Amino acid sequence: MDSERLVELLEKVRNEKISIPRAVAQLRHLPYEDLGFAKIDHHRAIRQGFPEVVLGQGKSPEDIAAIVRAMRRHKNNILITRLNPEKVARIKKGVRGLEYHPTARAATWIGKPIKSIGKGVILVVCAGTSDIPIAEEAVLTAMMMGNRVERLFDVGVAGLHRLLENRPRLDEATVLIVVAGMEGALPSVVGGMIDKPVIAVPTSIGYGASFNGLSALLGMLNSCAAGVTVVNIDNGFGAGFAASLINRV
Amino acid sequence: MDSERLVELLEKVRNEKISIPRAVAQLRHLPYEDLGFAKIDHHRAIRQGFPEVVLGQGKSPEDIAAIVRAMRRHKNNILITRLNPEKVARIKKGVRGLEYHPTARAATWIGKPIKSIGKGVILVVCAGTSDIPIAEEAVLTAMMMGNRVERLFDVGVAGLHRLLENRPRLDEATVLIVVAGMEGALPSVVGGMIDKPVIAVPTSIGYGASFNGLSALLGMLNSCAAGVTVVNIDNGFGAGFAASLINRV
Amino acid sequence: MDSERLVELLEKVRNEKISIPRAVAQLRHLPYEDLGFAKIDHHRAIRQGFPEVVLGQGKSPEDIAAIVRAMRRHKNNILITRLNPEKVARIKKGVRGLEYHPTARAATWIGKPIKSIGKGVILVVCAGTSDIPIAEEAVLTAMMMGNRVERLFDVGVAGLHRLLENRPRLDEATVLIVVAGMEGALPSVVGGMIDKPVIAVPTSIGYGASFNGLSALLGMLNSCAAGVTVVNIDNGFGAGFAASLINRV
Amino acid sequence: MDSERLVELLEKVRNEKISIPRAVAQLRHLPYEDLGFAKIDHHRAIRQGFPEVVLGQGKSPEDIAAIVRAMRRHKNNILITRLNPEKVARIKKGVRGLEYHPTARAATWIGKPIKSIGKGVILVVCAGTSDIPIAEEAVLTAMMMGNRVERLFDVGVAGLHRLLENRPRLDEATVLIVVAGMEGALPSVVGGMIDKPVIAVPTSIGYGASFNGLSALLGMLNSCAAGVTVVNIDNGFGAGFAASLINRV
Amino acid sequence: MDSERLVELLEKVRNEKISIPRAVAQLRHLPYEDLGFAKIDHHRAIRQGFPEVVLGQGKSPEDIAAIVRAMRRHKNNILITRLNPEKVARIKKGVRGLEYHPTARAATWIGKPIKSIGKGVILVVCAGTSDIPIAEEAVLTAMMMGNRVERLFDVGVAGLHRLLENRPRLDEATVLIVVAGMEGALPSVVGGMIDKPVIAVPTSIGYGASFNGLSALLGMLNSCAAGVTVVNIDNGFGAGFAASLINRV
Amino acid sequence: MDSERLVELLEKVRNEKISIPRAVAQLRHLPYEDLGFAKIDHHRAIRQGFPEVVLGQGKSPEDIAAIVRAMRRHKNNILITRLNPEKVARIKKGVRGLEYHPTARAATWIGKPIKSIGKGVILVVCAGTSDIPIAEEAVLTAMMMGNRVERLFDVGVAGLHRLLENRPRLDEATVLIVVAGMEGALPSVVGGMIDKPVIAVPTSIGYGASFNGLSALLGMLNSCAAGVTVVNIDNGFGAGFAASLINRV
Amino acid sequence: MDSERLVELLEKVRNEKISIPRAVAQLRHLPYEDLGFAKIDHHRAIRQGFPEVVLGQGKSPEDIAAIVRAMRRHKNNILITRLNPEKVARIKKGVRGLEYHPTARAATWIGKPIKSIGKGVILVVCAGTSDIPIAEEAVLTAMMMGNRVERLFDVGVAGLHRLLENRPRLDEATVLIVVAGMEGALPSVVGGMIDKPVIAVPTSIGYGASFNGLSALLGMLNSCAAGVTVVNIDNGFGAGFAASLINRV
Amino acid sequence: MDSERLVELLEKVRNEKISIPRAVAQLRHLPYEDLGFAKIDHHRAIRQGFPEVVLGQGKSPEDIAAIVRAMRRHKNNILITRLNPEKVARIKKGVRGLEYHPTARAATWIGKPIKSIGKGVILVVCAGTSDIPIAEEAVLTAMMMGNRVERLFDVGVAGLHRLLENRPRLDEATVLIVVAGMEGALPSVVGGMIDKPVIAVPTSIGYGASFNGLSALLGMLNSCAAGVTVVNIDNGFGAGFAASLINRV
């Protein structure tokens, strides 16, 4: 329709129903959506096969259900993150076909088959069993974005043999997501073993001077292994999203 | 020589000078370097066309010169980061052919032509002119690792038109490094405009409540744009290195 | 009545019922309210058409009801901020005519028509839907103080087109309140687009390294756009109040 | 010239030298500067009588001189902030007519008379004599932006009478800038005495637990007086700029 | 020489120039290096008319009841601080004669009349109504330690007239306790008005950047008024105790 | 089975079914688990008489029960730390013979007699009664690891005589664990009295500026007594474990 | 002269040269100084025998000399704190009779004999030799304010016997100032030994996690000994001043 | 009962059943509440073969020389830590026989042969070459206290093979000191490989978010490897001292 308005204007120009200076002025004052700036288009992501994403935290079940129902019309796949089990039952009443992933604390609604877009394998590594929920959020995000994803869990640095035994799996991955709480040392060790992009995810696992993930975050930012980049504490979704972008490069 | 010991042992096995159980035991107790674990090989990086990297900060000119002279024997390219101009003259006395890059505060020694390995273009974006030294460290690192690198400088968010005018350049890049101090908002804006991996580099530029880059760092970690990952404050090298890994994926 | 005491004293002076040195002494020792220091008068605000304001947080419903009943006698309008829904029912029992605004988590009691005092329009902008409660507190405060207020919500920097499309609304405002959590980048972008006073409100929306709004607060304090000033985290009331003062200048 | 390109294109449309669909396509792909988005024009500020501003900190004298020489061509007034005395002599060699203001640590170059734009008086208040440099930066900024500015210095809260004696001056101001270090209590007291916008500037004056201005900053953000907004530590320029915007409302 | 004194004393014992009880007494009063610890007697406080103090926080009602029952045997007065109303009922079952002070969140048991020991008046000042519980803890503590205590509540710095009106009460006090949250500015203002010791108590009242009292604490530590000392956040008991010691000097 | 592969390979070497260079190559590429690196064996600890340890925090009762049942097969002793009383009943249903230690908030399952391995006595000292749960976690851990453990509780520095009276017990210990909250001064005092290793455990006991143990932690790290080392806040287990290692030296 | 104006006005009233309403109006609008608010008089302190105090830090030698010369006219004693030795020579040129105290980094000018006002003895205790400059600043301040002051230095908690040997001196003091860096434990120990007011002064002595005195500050604020109050880091002057106020109670 | 023992003893004295010297001796050895302080003897350490230790930081060369000359009289060995090279020359003038260790930034004076007291080997491990000065301070301290010390330097976690190759050296040590800056991950990895006490030393090496060693400190405190204890940032001396105490257990 944006095009329609433009075509209409240009036809007026051709038919000399409008002077050129006035046409220039109108073009300047058309609102952005009328000029149809596809480049700043918020539907951009969806056309590329990304799911629509809803941050469940801080929204009521009713609001989430309403958002999902509106989104469903476009038949796009939908990912709802940071969703407590308590809310799910109430959302499900209003939204059929919603699947809840309890470990990842996320829900999905599949409107069309997920296109396989990623080139290689994204390997999600985590240090301890308590880090698994965040790791699973990353796994689910990357899967919804069309990637093959593998898991390597519970390989923290205090038991190095567990990591060393799985070296081939590290080598075969294209991108790695490394999830760890406490001192957050695992990304440094993994980053020192391979030549692949490593996305580090600090978790809020720990107590006392872990300060809800601050210790792990600082550790990862100061990693002595080059090639490690970091996302926010507990941000499994962000890591999965960034890894997906890298896996399409 | 590691091989020699292994060969010697296996010859004893073949000649039955040693029983198989004893050979097994000896194999188990050989130190790591004797088994020659290529997988944990620190020469790995160099074989892939990476330069050797020396962190200049905290080392005396004499030490740096000695390290570089030792490295030069392998004919690898060398990158020395965080190098004050004062030290350079003294290092140059001991090392011929060293080139200093004053804006990036880094020096390079080229032993063999840099192989072009990166697939696409790495675009280094920075917010203000004061962020340029860190941006240039990223540029130089990525170049030394065989990438085509482009610059888009001084496009901070308070003058949005500068960024919008350069949209095509953002679109053409494969990986983006976005460098900003103060509130560190630029990566969020850039990350919202494109679907490429964005590596955010907070700088210590600012004063007062910028707390030497902490403000920019926190801003980037909390970016509302998915796909943004972050490195340490002023870590242009780390960003250039990570972008290079991504550009080879 | 203060005046009465003063008049009484001066009449005694005139009638020579009191010596001048004693009158001087008495004047010196009269309590402040007796000298009637209108300049330090706490009723000052109300006379100018401001509502009386009660901070609901940390007060029992009974206390709030008692305060409101006392205030009502002056027929002034009343604004109660930071009021949980649970408390409202109990307050309403004791106070007729109280209206609750659930999104703004505030209640109002209107004793007389709100005088329209503000000159221009106060535009309240917010970055995400989660920031709306704080934005609505600012809206309600500014309305209660006699301003025309408009809303521009959900225009965060990761989707810049939403903001650009609404540029004319930014241009038409006299004062802007910009509410954002996470990295708090929106005020910098808005402040760079217009030449109007911008009051930035950081919110506690976010998780991990947002540190309950600290990240947004620091981002706003370090804004690269001149003309931005900042209030406390989640302080929609303070922003609405300051914007009202500016809109009367 | 942007207009020229547009006119040229539209003339082709009228002359039917280009089909309408192709014209639509070309319009879509013109870079931003070609569409001439006056609204995002960075010369906006200058046309309104603002000076051009250069942040002196972190720039070499040579760079500053070059920037100023380039700016001078437009005959705009120029303000250089955060400029050490050491640099000034070297800048002056390359730039005639530069005036240095040592207390404000700033320099100005006047290309045309400053237009008086501000409506009322901006009063700059400061707590102690050590806060004066920051206060003077605010004074100079506001003056360069066409405001009448008055000073009320050394009226900290530990000697309340100094402030109370000057109450009329507070009442006569249109906007107030209140500068204080240490505990930063002055804006709360001033804000409680008047009904005008108060911009609080924390300074890094103090020692020990003042943590370079953090204590004053937090104090101001938590001010119990409504109507107080805050800028970054030591940001006299930002306060002067924001006060100027308010004084034009 | 200690030995000499010991030898001398023992010779006197042997020669019966001193009775054994007296020798025991002398041994007890010899300086520490020579002898026993009466001076580090934990009953010291009680002999001086102090109450016994129990910190209620973190103890079960049963434990508190047991402690109080044990203490009661000595007929000393008892003060239990930081006691939730929920616990009181359960403690009262086991301890007769316990009185609960809900505002101060403390309980007292009076075993003997409180001796009036304090010389002057301790004035407890607080900024806002939300600070009253902490102020009342200070009041109760000082009363239990034998002081005359007066209250001056709700006189925060944003409404300075309230404080100025009560100047005579400030002047008449011997020691002042000043309780404030948010920016914690009140002790500076009070300290600037009088020449008496001021004990500042920061409270956790506030939100956002008050950081649970940190802002008020820093403000008080950086007070520009000499003579102000500070206790821990919400430590009304500590302030009441210290003021009592001062009031006995 | 690792051995089997090795034996198989060596037999091929002996039978000349494989050339020596090829055998060398194969040895180099065997994955870690195939070479059976006993040195990085995670069963190491158990063989030395350590219990198996489960961190109860953040795990569901069902998960804990499952883990314990799996562990029980090896007949090793088991220690479950940070276990709320609520969870215990549900775990006990699935695991017979589990003993809960409510003060230490830990549970144990004894599969075989604890071997007495420690050489001397580990003395656990704590400052206040509120620190006892953390102290008891240390006690239980050290006991489960085969040490004689003694307790010296409630000897905080504000009542120094309690500590001095117990000097002989300090002297008799081989290793000391000193647990304290608030200002965390006890380890400095104890460390100054003896020449034994002191492990300091900060606790989260306190309020206000104790910042959940940060104050105690910093105090202990800055101890003026040499020989004091520190573990994480509330980490009684870590202190007990480290003390056990020292007691075996 | 204030009185003169008042007398003049009242005489006009008596002589009926001015109407009573006008007199009331004039009284209301007289500036504060005209009403002569002796209570808010900044000369208050000096009349009580306090010295005039100049904070030397952040002032140029010339400014300090000018201030001192102006003050000298009143013949009051003068104390200049935080004065580097470099500045002293330059100040002395302009000010005769100035005495520098290098350890306390302060200077004094004695215009009249110091009146002995304090009742008892102020004992200044410090933990280590590095804390002595701050302790001496407290000593000098208290002496200038007319107190008998004694010193007890280098009695840190890691060598407890040094403190215990000096118990009688602690007992004889009326007020104690306790200065310590590192973990700041000394005030707790001293506060537990006596029943006198203790003013704790944290110093910036230490390194690493002492964070320039933050560790000592937090330790003192969390002191388990009741009766301890705290001043800012390195604020020997503030402690000496507060102790002087207490010693006059 | 103390009294009883005292009476009993004195009666024996009177009855001459015990000689006076013996009575004196008994009085000295009575527990503290009864008697003198031999146990809190500050010469304790020296008698056990410890060196006397002087913290060089913050002391003038003249003071250090004076202290050392005084100490030398006892013929004890002396260790001066944190000593800049600039000071050494000036100290050496006043003190013969002083040896400076530039890497460890420490000096020693040997008055008598160091007794070999330590049982096993203390292994000092460090992550990067920049950590060596702190590591050498630990080495020198441990040597001065009579231990055999070995070094394993430059084995950071990003190049794990360097550590794995040296596994036997880790196994042979009795106590380990692990020194690391940046993310401080090395102690976790080392602690996971061995069953010996590990003392972790964070260093201030790093930049940006390393916050002068805070990042490494937090990482070490949150180590997932049990048995790791931590000392202050850059506190090589403290680690060496604690390791020496452990090595004597």
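So that you can tell them apart, the chains are marked A, B, C, D, E, F, G and H in the order they are listed, and the count of residues begins at 1 in each.
Criterion: contacts are C-beta pairs under 8 Å (C-beta built on N, C-alpha and C of every residue); 3 or more make two chains touch, one makes a residue touch a chain.
These numbers come from a predicted model, not from an experiment.
Between subunit G and subunit H, the least number of touching-chain steps is 1. Steps from subunit A to subunit E, minimised over paths through touching chains, total 2.
Of all chains, A has its CA centroid at the greatest distance from the CA centroid of subunit G.
When chain centres are defined as mean Cα coordinates, B lies farthest from subunit E. The contact pattern of G-H recurs in D-G, the pair among D-G, B-F or A-B where over half of the contact pairs coincide by residue number.
If you average the Cα atoms of subunit B and of subunit G, the two centres end up 55 Å apart. Note: centroid distance subunit D to subunit E, computed from Cα atoms, is 50 Å.
Centroids built from CA atoms put subunit E at 38 Å from subunit C.
Annotation: 24 Å between the Cα-based centres of subunit F and subunit H.
Multi-chain contact residues of subunit E (touching two or more other chains) are listed as 32-33, 37, 40, 159-160, 167, 193, 208-210, 214, 217, 221-222, 226, 232-233. Listed by label, the pairs of touching chains are A-B, A-C, A-D, A-F, A-H, B-C, B-D, B-F, B-H, C-D, C-E, C-G, D-E, D-G, E-F, E-G, E-H, F-G, F-H, G-H.
For subunit C in complex with subunit B, the touching residues are 127-128, 156-160, 182-185, 188-189, 191-193, 206, 208-211, 214-216, 218-226. Of all residues in subunit A, only 31-33, 37, 40-42, 55, 57-59, 82, 202, 204, 212-214, 217, 232-235 touch subunit C in the complex they form. Note for the complex: subunit H touches subunit F at residues 31-33, 39-40, 44-45, 48, 50, 53, 119-120, 167, 171, 174-175, 193, 195-197, 199, 217, 221-222, 226-233, 237-239, 241-242, 245-247, 249. Interface residues of subunit F facing subunit B in the complex, by the touch rule stated above, are 3, 6-7, 10-11, 13-14, 16, 20-21, 23-24, 27-28, 35-38. Partner subunit F is touched in their complex by these residues of subunit A: 129-130, 159-162, 164-165, 167-168, 205, 207-210.
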